[in-house]
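Here come two complexes built around chain A, the first alongside chain B, the second alongside chain C.
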Partner chain A sequence: MRLTTGTRIAALAAATALLASACSGGGDDAGSDDGGSAAGPVELTFWTWTPNMEKVVDLWNSEHPDITVTVNKQDGGDPAITKLLTAIKAGSGAPDIMQAEYQKIPQLVSSDALADLAGSLGDDVAGQFTDGVWDAVTLGSDAVYAVPQDSGPMQFYYRADIFEKLGIDVPTTWDEYADAARKVHEADPKAYLGTFSANDAGWFSGITQQAGASWYGIDGDAWSVDIDSEATTKVAEYWGGLVEEGVIDNKPMYTPEWNAGLNDGTQVGWLSAIWAPGVLAGNAADTAGKWEMAPMPQWDADAPATGAWGGSATAVTSQSEHPEQAAEFITWLNTDPEAVQALVDETGIYPADVPASTEALTDPPEFFSNQPDFYEVAAQTAQTVQPFTYGPNINVAYSAYNDEFAKATKAKTADAFVDAVDAMQQITLDDLKNQGFNVSE
Partner chain B sequence: MTTTTAAPPGGRAARAAAPSARATGPSTSGRRRLAPWGFLAPAIVLFVLFLALPIGYALYLSFRTEKVSGLGLGSGSRTEVWAGLSNYAAALGDPEFLASVGRVALYGVIVVPTMLGLALLFALLLDSRRARARTFSRTSIFLPYAVPAVISSLLWGFLYLPGVSPFYDLFERFGWDVPSLFDGDLVMFAVANIAVWGGTGFNMIVIYTALKSVPSELYEAAELDGASQVAVALRIKIPIVTPSIIMTAVFSMIATLQVFAEPTTLRPLSNAISTTWTPLMKVYRDAFTRGDLYSAAATSVIIALATFVLSFGFLRLVQSRAFASEK
Partner chain C sequence: MTTLTSPLPADVPAARVDARRPAGRARRHWRGAGERPSPVATAVLLLGALYCLLPVVWVVVASTKSGAELFASFTFAPSTHLADNVADLSAYRDGLFWRWMVNTALYAGVGAILSTLVSAMAGYGLAKYTFAGKNAVFNVLLAGVLVPAVVLAIPQYLLLAELDLTNTYWSVLLPSIISPYGIYLARIYAAAAVPDEVVEAARTDGASETRTFFQVAVPMLVPGLVTVFLFQFVAIWNNFMLPYIMLGDDKLFPITVGLSGLLNQGASQPAMYTLVITGALLSILPLVALFFVLQRFWQVDLAAGAVKS
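Now for the complex of A and B:
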C-alpha cells in the first residue's frame, strides 16, 4: 500500500490538466529565441522514436548549415502522440517535426496538431508513393498533412525448419493456414502456428484490411464507421473458430513468454509486417536462418491482397514557426535517394518511397540471409496493400478492441469474437457522435 | 547565592519588557498581527497552488466538454462548452466503470483482511518472547515494501507467465496441471498477491511499533495470573493495538481504491486485464488514450468522494470501540 490520500488523485488528474492549460497564455514567446529573425540558422526539433534517426539527420545537418535539425527521442508511437496533443492543447511545447503513425493522422488533424503542407511541397512528391500510402497522409482531401516515411505491408513469417520436419507446405489460403495450425498443434500440443492477441489492435486492423475492410469512411461532410462490415466479421469468426478449436494460441504478443516461444520453437509462425526481421533478430537471435517469409495466406487466391501493420509518416506541427524549412527537411528525409539509403542502412525501416526503396533494398536483412529474394517478395506484397481509412477516434476503436477481445479470448468461442466486433462498432460510433462529429449511418 | 537567584527573574523581566516596549507604535502592532500569516504563507501558497487550485480546476473541467463540428478536420472545429452533469451521468451509467468498482471491491475484500491478518500475525510473532533473529526477520518482512509497485509487478508478472516461470516448470515436473493466473478471473488473485506481498511489511511495522509501546507491567501482571502467550496476545496485545490496526485498515482501503500501478504493469502480459480494470485505469484511459480530460475529471471527483465517504464512514463505525478510552 502507498500513503496517498483520496484528494490527491483528483489533484493529480487536475494538475496535469492545469499544466496543460495554464501554459496556454505563454504560447507567443515559445519560438522567439530560435530565430524569428533572418539572422542565424533556423533550428528545428524533430520528435521520433526510430532508432538511429539522429545518424540520418546528421547527414542533413552537415549539408545544410542554414537549417539545423535536432532529434528528440520518444518512447514510441502512443506516448509521443499523447505528449504532442498535450503540447497542442497547452499552446506551446510541440516540436517542429513529428513522426506519426498513419492511423494517428486523422486524430492529429482533428486536434489541429498538424500543418497543411500542400503549398510547401514540390509537385513531384506525391508521385513517389503508392496511392494507398498517399491517401493516408491526405485523408483523401486537397490538404497534405505529412510525408510518408515507411510502410508496413504484412507477410507471413514461419519456421522453415519446423515446417519441413512436419511436412507442412507454406499455406497460401486461410483454409490451408487452419490446416497447418492443426498439424503443428497435433505434432506438439505446446506448439502453435500463431497467436490471436487481444492487445494488438493494429495487427487486427491489418488482417481485416487484407480481407477488404475499411473501418471508417468519409461521405461528403460526414464520417461513417464500418467496423462491423462483412469482412471484419469474417476475419473475427475465422480466428474465433481457431481459438475455440484450441489450435491457435490466444496469449498476447511481445511478452517474455511469447519471446520464449519464438526462441524454443513453440511459436512456429507469425503473421507480421516487413519490420518483423528486426523484432525476430532482437527477441530470438539464436533462430537466425531458420525463418522464412511468404505472402499472407489469402481469402481469394486469385486476388492476392495484404494489409498493413505499422508504418509512419513525418509531419510538421501546427506550432512550428518554420513550416517551409521543416517541409524541405521532411521531403529530403523521405524521398532523397541518399537519405532513403541512410534510413535503410541506419534505421532498418522499409521506405514508403517506391523508386528510392527499390534502389536501396537489394540484399535481404541479415537475419533472413537464407532468403535471397526477401525484398522481391516484400515488394510484390507491398503492391497488394488494400485501401483503408482510419478515423479521428481510432484510439477509441483500438482501446475497445483491447477490452472487447479480452472478453472474447476469455470466452474462447467464435460467437464471442463476432460479438466483440459488434461492440467495437457500437463504442466507436457512440463516441464519434458524442463528440459531435457529423456521422452518417 | 542571592545574586544568582535574583538574576533569572531580572533577566526575564527585561526580556518581557523589550517586546512590549516595541509594540507601542501602530505600525508594529500591525506587523504583529501579520506575523503569523507571514509564517503560514509558504504553506498556504503551496496548498493553494498545488492542491486547492488543481482540485478546483478538476471540478471545473468535470462540468465541461468539447464539441466537434462537421468532419472535425482543420482548425477551429473543436470548442469547449458547458456539459452540466452529463460527464457524471456518463461515468455513473458506464457499465465498464461499475464493473471496475465491483472488481476493486472484490480486490479489497481479498487484499485488506489478508494483508492486515498477516501483518498482525507477523507483528505478534516478532513481539513474542521466544522470537529469534528479530531484526533480520523484521527487515526481510519489511523489504518488499521498499520495492516499487512497478518493479514488483514485473517480477511477479514473469513468475506468473507459464512459459517462463520457474514455478510452472516445477509444477510440470510434479505432473500438476496448474492453470495460468493470467487466464480469466484468476487474474484478480495475481494482482491481489502483489499487493499483499508489498504491503504486509509496512503494516506489520506500524502494528509492531504499537506493540513495543505496551507497558511491560501488563505482561508481568498477566504472567502472575498464569496467562499463556496466546492469551496475552488475544486479551492484551490485540485490544491495545486496535487503533493502529484501524489506521492501517483505513490506509489499506484508500490504497485499494487507488490500485493502478500493478494492473497497468501486468496488462501487456495478459488478455484478462482490460483498459478499465480499475476505476483509476479508466481515468487514465479517458485522459490519455481517449484525450477526454473532462470525463476523466468527473470520474476522478467521483473516486475522491467515494474514498472520502468510505474512509470516514469506516472511521465513524469503529471509532466508538477503538478510541473509547481516549474520550
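Now for the complex of A and C:
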C-alpha cells in the first residue's frame, strides 16, 4: 500500500492547519505580555511568592487605573529565580516586576535580568532604607537594581515555659547557649535546644554573618570568595562540636518531623529571623503564648551583632517594556506609608523602609501577644545586622552547602563541619572561575 | 505518581499469544482448578498491596486532621476536620484550587484526546502504509519512547518562547499531544487488530482513505485507543516539570504545580501541609473514577483478544 499524492498533500495541509490554529489560538489566550503601549492602561505582571500580595496590589490598582499590575504567585525563592533566568535566556516570558531575595541580586545582575532603575527612582528613595539594605540593591555601584521590600534580622526564639521549668536563663553568649543546649538535652534526651539544618544555607550564612563573615568580596572589578574565613570556620566548628556532643539535633528544618518537634516541645528553641512568628503560628498553632524572642546569643557580648536570614527586594526585569511605570509601582509598594501598612497587615512582612515600618509595626504579632516589646527588641537587633556581600554564584555556594553539610551532619564531627566549609569554598571558587568571572584570590 | 501496569499485557501480546493457546476463559478455568496459590506468593502480594495502599490511607486519614493535629496526633488516628479542610482549600485565594482542577482536567482531557487521535492516525499510518523512510520514522519513535519527557521540558520551553507561546494553555497542551509511546502502542495494535483484508475491502467498496480510517479502522482500534488515552491522561494529570517550567501565571497552573507552590512558600512562610494533603486527596478522585469507568473497556479488550484467531 502506498500513499497517494493526494493523501500526502491532505496530511500536510491538515498538519499546517493544526499548527496555524494553534498559533493564532495561543495569541488569544496569551494576553498578558502585550500591555498596549498606545492606548489603554499599561499592564504589568508581578512575580512574587509573598502570600496575600494581590491584596496590596489591589490597593494600587484601584488608585491607578492607568497602570494595572497583575500578581502571579510563584514558588518561594529559588524556583522563581530559576524560572526567571530561563525566561531571560529564552528572550521572552519574563514578568515586568520580580521579587528577588537580596542574595540573588548579584546573580540576577550578572545575567542581565534586571533593569537599572537609577534614572527612574526619586531622589528620596535611598534615604528610606538602612545603608546595609541599600547596598544590597546597588551592589555598591551607582546603579539601582531593586527597591528593598523586607528584611530578616535574626533573633533567638525559645519556649519560655520550658526554659522556666528547667530553670534555664536566656543565653546571651554562645557559651551560654551551649550550656543551655546541654541542660535541655539532659532533662529530656529527646529534646534539643535547636537543630543544625543542612537544608538551609540562608540560615547558615546568617549565623556566619553575625560572626563577621562575608562570603564574597569585590576588589575593583574582580570578585573574591571568602567562605573559608576565620569567622565561618569558627561558627562551623562551634556547631559541629555541639552536634558531635549530641546536644544539638542534626535534622533539617521545615520537615514534617521538625514541625512535630515544634508541636510536642522537643524543639525547644529556634535561631530564626523576624518572620518566625508566622512560621511558628502556621506549624505549631497550639504553642501560641509559650514562645518568646530574644536577641541572638553573642560571640562578643560587648559588641552585639546579628545576621540576616531572608528578606527580599522588588526589581524590574530587563524584559519589561514599561520600566518607568514599573519603577513607579515598586517605589509605591515599598515606601508609601499606606502600602507599607498594607504589607504589614496583609502579608506579615517586616518592611525594610525604616520610617514607614516604625509607623506600621506597633502591636506584637498575634502569636507573640505575650511579648509586648516584640518589635522594640526586633528594631534594636535590626540595627546590629553586620555587612555581608553575596556573589553572582551564591546558588552554587548554597547547593554546595546542602551537599557538604548533609555529609557533615551525618558524620556528626566538628572536623567534618570544618571540612564542609573548605569544600564549599573550593566548589564556589572553581565555579566562579569556570563561569568566566574575573576572580581575585 | 500513578503508574499503569494492568492494561499493557491485556491488549497486544494477548491477541498474539491467544492464537496458539486455549481461549482466555479456558485458561482461567485451568488455573483456578489447579493447586491452591502458594502462601508465600500470597504473602508477598499482600505485602505489596499494603505498601501501595498505606500511603493512600495516610492521605485519607491526614486530610481529616486540622493543622495542629497533623503533627501532634497519632499518624493513623482520623479526625473530623475534612469538611473544614475542604472549605479552607476552596477559600484559598478565592477558590484558586478549583481553577487548578479545571485546568488539569483541560490539560489532561483535551491533551489526551488529541494525543490519542494523533497516535491512532500515526500508528495506523505506520502499520498499514508502505512509504519511504517508514522504518526510520519508527526507529526515531522507538528512541523517543526511551527519552524521559522531563528531559525535553527545557528545549520545549525554548522553542515555545521563540513563538511567544510560553505562559499560555498551549504551552502545556502542544507538547502533550505527541506521545511516542502512544504512537508505538497504536501501531502495534493496529497491525494486530486491523486486518489488511478489511482495509482493502473498504477500498474496493470505494471508501476514501479518511473514511476507511475513521469508520473501519478506528472502531476496531477502540480498546487499544482507550489504553493510549488512559496512559496519556494519567501522564498529563501527573505531569509536573512541563507546566512548572512553562507557566508563570498561577491561574493557568495544573494541580501538581499549584500544590507544590503551597508547600514551597520560602523559608519565611509556613508550608500549608493541610491544604496540600487535602488537595492531593481531591486531585486523585477523578483519576480513581476514570479507572472505574474505563475498566470495562479492558474487559472488552480481553474478550476481543480471545475470540480473534
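Throughout what follows, the second predicted complex is superposed on the first by the 403 of 441 C-alpha atoms of A that agree within 3 Å, B and C clash if a C-alpha of one lies under 4 Å from a C-alpha of the other, contacts with A are read in each partner's own complex, and residues count from 1 in each chain.
What we mean here is this: contacts are C-beta pairs under 8 Å (C-beta built on N, C-alpha and C of every residue); 3 or more make two chains touch, one makes a residue touch a chain.
This one's a predicted model, so the numbers in the text were calculated from it and none came from an experiment.
Once the two complexes are laid over each other on the shared chain, residue contacts for A:T409 go to chain B alone; chain C is not touched. After overlaying the two complexes on the shared chain, residue contacts for A:G76 are found with chain C alone; chain B is out of touch. By the touch criterion defined above, A:G278 lies against chain C but remains apart from chain B after alignment on the C-alpha atoms of chain A.
In the overlay built on the shared chain, the residue A:G436 is in contact with chain B alone; chain C does not reach it. Applying the stated contact rule after C-alpha superposition, one finds that A:W47 touches chain C and leaves chain B untouched. Once chain A of one complex is fitted onto chain A of the other, the partner contacts of A:G310 are limited to chain C, with no touch recorded for chain B.
Once chain A of one complex is fitted onto chain A of the other, the partner contacts of A:G152 are limited to chain C, with no touch recorded for chain B. When the shared chain is aligned, chain B comes close enough to touch A:W223, but chain C does not.
In the superposition on chain A, contact is made by A:V396 with chain B only, not with chain C.
Overlap of the chain B and chain C contact sets on chain A: residues 1-4, 7, 10, 254, 256, 260. Those residues of chain A whose C-beta lies close enough to touch chain C in the complex are 1-4, 7, 10, 22-23, 25-26, 29-30, 32-33, 45, 47, 49, 51, 54, 70, 72-77, 79, 83, 86-87, 89-93, 95, 152, 200, 202-203, 254, 256, 259-260, 262-264, 273, 275, 278-286, 309-310, 349. The residues of chain A lying in touch with chain B in their complex are 1-7, 9-18, 20-21, 78, 82, 85, 106-107, 109-112, 139, 141, 143, 197-199, 218, 221-223, 250-252, 254-258, 260-261, 266, 318, 392-393, 395-396, 399, 402-403, 405-407, 409-410, 431, 435-438.
For chain B in complex with chain A, the residues that touch the partner chain are 50-51, 53-58, 61, 66-78, 96, 115, 149, 158, 161-164, 182-184, 195, 198-199, 202-203, 251-252, 254-258, 267-276, 280, 283, 285, 287-291, 293, 296-297, 300-301, 303-304, 306-308, 311.
Looking at the complex, you find that chain C touches chain A at residues 67-68, 70-72, 93, 128-131, 154, 157-158, 161-171, 174, 196, 199, 209-210, 244-245, 248-250, 260-261, 264-273.
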